[in-house]
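Paired with subunit B in one complex and with subunit C in the other, subunit A is shared by the two complexes that follow.
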Partner chain A sequence: MCARCLELTRRSLLVGGGVAAAALHTGIADARIRPQDMVPLVGPGFKPTDVDEQGLWHDMARVEEEIADSNLLIQDPKITSYLRDLIGTVGGPAAKDFRIYLMRIPDFNAVMFPTGFAVVFSGLLLRMRNEAQLAGVIAHESGHFLRRHEIRSWRDQRRKTDLFSIGAMLAGLGGAGAGVYLGDYVQLAQLGTILSLFKYSREMEAEADAMGVKLIAQAGYDPMEMSTVWQQLIGEEQASAVYRGKHRHHGSLFDTHPSDDARMADLKADALELKVPGKLYNDYRDRYLATIGPIRPMLLDDQVKLNDPGASEYLIETLAQDGWNGLLRFYEGEVWRLRNRLAFNDEARAAQSYAAAVVYPDAPADAWRWHGIFLLKQGRTAEAKAALSKYLTMKPDAPDAPWVRQTIG
Partner chain B sequence: MRKLGLTAALAATVALGACVQTKQYADVQFTPPEGDYKLLVLRPDVTVGSLTTGGMVEPRAEWTDEARANIIAALRAQQAGRGGNVTIIEHRNELPGVPEQELADVERLNFVVDESIVDAKYLGNYLPTKRGRGLDWTLGADAVKLGQQSGYDYALFLHAEDQVASGGRVALGLLGFAGCFIGFCAPNIGGAEQLDYASLVDLKTGKVVWFNVVDAASQVPGIKFGDLRTPQGAAQMVERLLGRMKPGQDVGRRQAIR
Partner chain C sequence: MKGLTAAMLLIGASALSACSSLGGEGYGISDYAAVNVHRVTVGNGNMSVVPPRPWNRHRAILFEDIPAVEDWTLNGELLDGITYITGLKSGHFMVRQRHSADQQVPKFRADMTPPEIAAMLESLYRVRGGAVDFHTLSIQPRPFLGANGFQFDYEHLDNDELWRKGRVVGAVIGDQLYLIMFDAARSHYYDAALPDFEAIVASARLRA
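And then the complex of A and B:
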């Protein structure tokens, strides 16, 4: 009789799986982690003493060597020392131990490695509107190190795969002894194990968010800036998806990170707890923009060439909320020109953007070039020649200088 | 047999329980270096870990250091036997006359070329245009430049990884073996595995002249096929990987005619 009780139908498996999944996804698992509960688990000059963590650190030494020698590294000394100072401000007790590398990857991301070196993607510097926002992301990465997430995740994985393997073996043995087949249960347990690993990873991310928001509040930045970062990212992904006729990803059981919406909501609640009433916060936007100024054209150029006009347009408009300038107008024109959709009248829009760009004193030489070319196309030869000679004055050794000289006669 | 890829060969050995596989390829004109040659070994990549009960590999710092030291000692002894003059560098700034970035570039290039060799020669994605042409890959001008700057004849790239079955893994295997008596037989859950590969680059031509892979895997935890943590195990690995370097097919044919 009992053999029959153990029999699993496809329906009961689905129901069971659904219940297990729902239990993992909702309830206590997604409760917000409060910033005041986040205390650093490492002190200054931390060195591992456990054998598994020592192994991890040993492996990472070679990884860091690889990153330090990478040809994607941006080595502008002003920017790298600025990033070092910033992680020194929001790095908690390990502030002096961190290393930080800037890589030319046009994507919103930053990564903390278990031995305390962080990699910041150039796409992050493009998206941050001020120092407080950048400090928030870097503080989140510091949080991973301070809360020892890498080794805790590893131990969680090791424990769960151990338990699963033993369980699967015992199920096989027990099943064989009792003469029943338990393979379906083993598969369900495997799905459960995998889901629980992803859930653990999302918990670590939530911890890093809570730790990060606490760190920037302690350093005197407005804690609300972190949720603003997520608000911007959600807007960007939405705009990108809409243009491509797709839906924005809203999070699933197989995600390593909590959904952007959940993070934004939790960070907002955290900030409300930490914000000092009546305090005036400085976001240090001027200092930030002055530092990244020299590479900002490159950052915009890399973004525009990703061929993601929805996201690029959103990003430029977001940055322009702090004021339009020649550089942003020029790259707005580039988005339309490269998209080149007849239905959206992109050519005319691009021409307008270039015309608007050259009004600003900081318009790049290429803005004058494209402005001139579009004037030529419109038959406004005299104005075109003026614009193109301005381009030549600004960039006398441009690769197309001979052609421009010939054109303007 | 030549067409049997590494994975296919490995799969075929599962039933046997365990096996040591090695398969080398060489440029058709390759003659194994002998006599007075200068060999540069670039940052040998060695990791030794513990295979957990659940089948994950946990890296171990102490074991890795032991294995690396043993491999380097065995490599020096083996090359000295052939008359070679060997330099082993651990960090990119240890090679006089060669900027760190350039060395990093050569290493990165070599890595992707090695990946391509493994894909085409071992994993069954054969390239029809390279049929019958031995090992036909090159690192090009960058490697020639490295040779000119450093004065070495050959560069050797070496990778070795070893996983040692933990007590828990062995116990799980024993449990699986015990199950054979009641009808649930699973002793072959996978145990220790050593995977090594090496590529030899001729720094005069830039060509990858020789490539070899050694896979020593045991499906049954508890059975070992060499342990890099011991000097004997490391010497055995160097012998399997580098000790039986064969000449390229054209050279081999000429030698046979003579």
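And then the complex of A and C:
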């Protein structure tokens, strides 16, 4: 999206925090890390005893303070308490200690900080089809904390660089970049830099996967959902890259992270070990939709308006596997309208999607608006007027009402 | 458009070369040139305006900028800016972007209605400006350059956590897009420079 949030793209979850460090770790076993071997290394109420870790906690307390006060925070009480309950379910021994924040960033990501607070990006909620999938991602992040990955990677980074505190690093960054260091830790730019300190190794990602599968299985979710999430992520990446004529990044020798295929295979093997034969698992899709339903239009809007047609189309079709509705058909139309390629006849495709959307009872007012505008462009004036009137009836205080009224006369 | 990209990049660690390579550190060459209170042509020269007080024009960067686009600022691009689009042709982009970029600002097309142009601008702020929240405040008819134009008011929360507010007055004339866009920090700076923007819009003329 931008240079400032290099580390915050959805790739960072997929490959685990960036691929810049081409450190050649030796002695990493290729053998799968098994869920039963994943024992939490921290218990309830964990507090650091080492001086360097205490210093890190001190810095992180300030980061958390600023995140808790950020303009980008989504504060809907129903959704935030839902997320709190969820991490309380899959957080293992630290379940009661975790804090979780939801930020309005249209990207597929969730991040666990070394002091046990997690930041979930709104783009993640858009991509999850049910509660079990979301629980899987949150459990993976909990796994990083429970296995003490943050402090391990921080110590590793500090060995390689001469940075002694996050504050000092940010001051240097601010000084070189903007001329003035404003003291903000969590402007997205700095957040990206902070996250880059916690680049997890291939082994750590594998551990968090195994720990996560174990945690969701213990909480009664289908452990197979973890690999389904990864499948969706990889599919979206691929669709976006293919659309722009690029190759998706693949794991290579110098990549510190497991290749996607290997990771998928491991996740499936983990799940098979933990799956209870004959058990009917509930994915709690209804509860998930009842909670995030009210913000789903906003989440779709944030994604589709980035005009990344490959990814958006894939995403909408993934969500539509649970059934098409007026909202999804409308946003399908938005994808084609914004793509606007003459060669693909996008205007006609968008018009068709809008026309299909308004047939559903849940069609949003904006579906009627765009249906009307596209009928107008096709010269179907009478039908356009009817659609736009319907739009104004549904949304009498629409911001563009003055333009619509003049247009329909 | 530099206003957006500069706001996006200034705080970042990388990609500062576009700004710093042209000076700005006391070497005598500035990224900006003064605009005084008299009639000046903007963009590719198709339009002229008279500012009510001196503004600062961003020098165009070769290969980086679209000739039909010009940026001005009063207090610096992070705080306020006016962008002129002076006859963008159908099928063209408002900004240069790589074919391979995942997220792209949509193309302008001559048959776009005002809501479609507004949506194109919204994507510009989201894709290039890092806006995470964007509210349309109004889309209404407004004459511009003697044509049937429109006015678009909006506000957006950017990923530097600042709310900004904007107003665009524009029209499609002879299949080309003409716009004057004003965008500023919502607290103080928007209200402070809005009268300048309105005076500039009122003074705008097409090249005879």
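We take it that the second predicted complex is superposed on the first by the 328 of 409 C-alpha atoms of A that agree within 3 Å, B and C clash if a C-alpha of one lies under 4 Å from a C-alpha of the other, contacts with A are read in each partner's own complex, and residues count from 1 in each chain.
Quick note on the criterion: a contact is a pair of C-beta atoms (placed from the backbone, for glycine too) under 8 Å apart; a residue touches a chain by one contact, two chains touch by 3 or more.
Everything numeric here is computed off the predicted structure, so don't read it as measured data.
Undergrad: Should A:158 be classified as contacting the first partner (subunit B), the second (subunit C), both, or neither?
TA: Only subunit B is touched by A:158; subunit C is not.
Undergrad: Comparing subunit C with subunit B, which touches more residues belonging to subunit A?
TA: C
Undergrad: Taking the superposition on A as described, I'd like to know which of subunit B and subunit C A:62 touches: first, second, both or neither.
TA: A:62 contacts subunit B only, not subunit C.
Undergrad: Quick check on the superposed pair: does A:71 touch subunit B, subunit C, both, or neither? Answer first, second, both or neither.
TA: After superposing on A, A:71 lies in contact with both subunit B and subunit C.
Undergrad: Output check: A:238 vs subunit B and subunit C. Expected answer is one of first, second, both, neither. What do you get?
TA: neither
Undergrad: So, A:352: does it touch subunit B (first), subunit C (second), both, or neither?
TA: Touch status of A:352: no partner.
Undergrad: After lining up the shared chain so the two structures overlap, which partner does A:389 touch, if you call subunit B first and subunit C second: first, second, both or neither?
TA: A:389: touches no partner chain.
Undergrad: Go through the superposed model and pick first if A:54 touches only subunit B, second if only subunit C, both, or neither.
TA: The answer is first: A:54 touches subunit B but not subunit C.
Undergrad: Please write out, lowest number first, the residues of subunit A touched by both subunit B and subunit C across the two complexes.
TA: Residues common to the subunit A contacts of subunit C and of subunit B are 70-71, 173, 176-177, listed in rising order.
Undergrad: Which part of subunit B faces subunit A closely enough to touch in the complex?
TA: By the definition above, subunit B touches subunit A via 45, 47, 49, 52-56, 58-62, 64-65, 91-92, 100-101, 104-105, 108, 168, 172, 175-176, 178-179, 182-184, 186, 189.
Undergrad: Which residues of subunit A touch subunit B in the complex?
TA: 51-52, 54-59, 62, 65, 69-71, 154, 157-158, 160-166, 169-170, 172-173, 175-177
Undergrad: Can you list the residues on subunit C that touch subunit A in the complex?
TA: 8-16, 99-107, 109, 111, 113-116, 118-119, 122-123, 126-127, 130, 132-134, 136-141, 150, 153, 157, 159-163
Undergrad: Report the residues of subunit A in contact with subunit C in the complex, numbered from low to high.
TA: Interface residues on subunit A, with respect to subunit C: 1-6, 70-72, 104-106, 173-174, 176-178, 187-189, 193, 240-241, 244-246, 302, 305-308, 310-311, 337-340, 369, 373, 376-377, 399-400, 402-403, 406-407.
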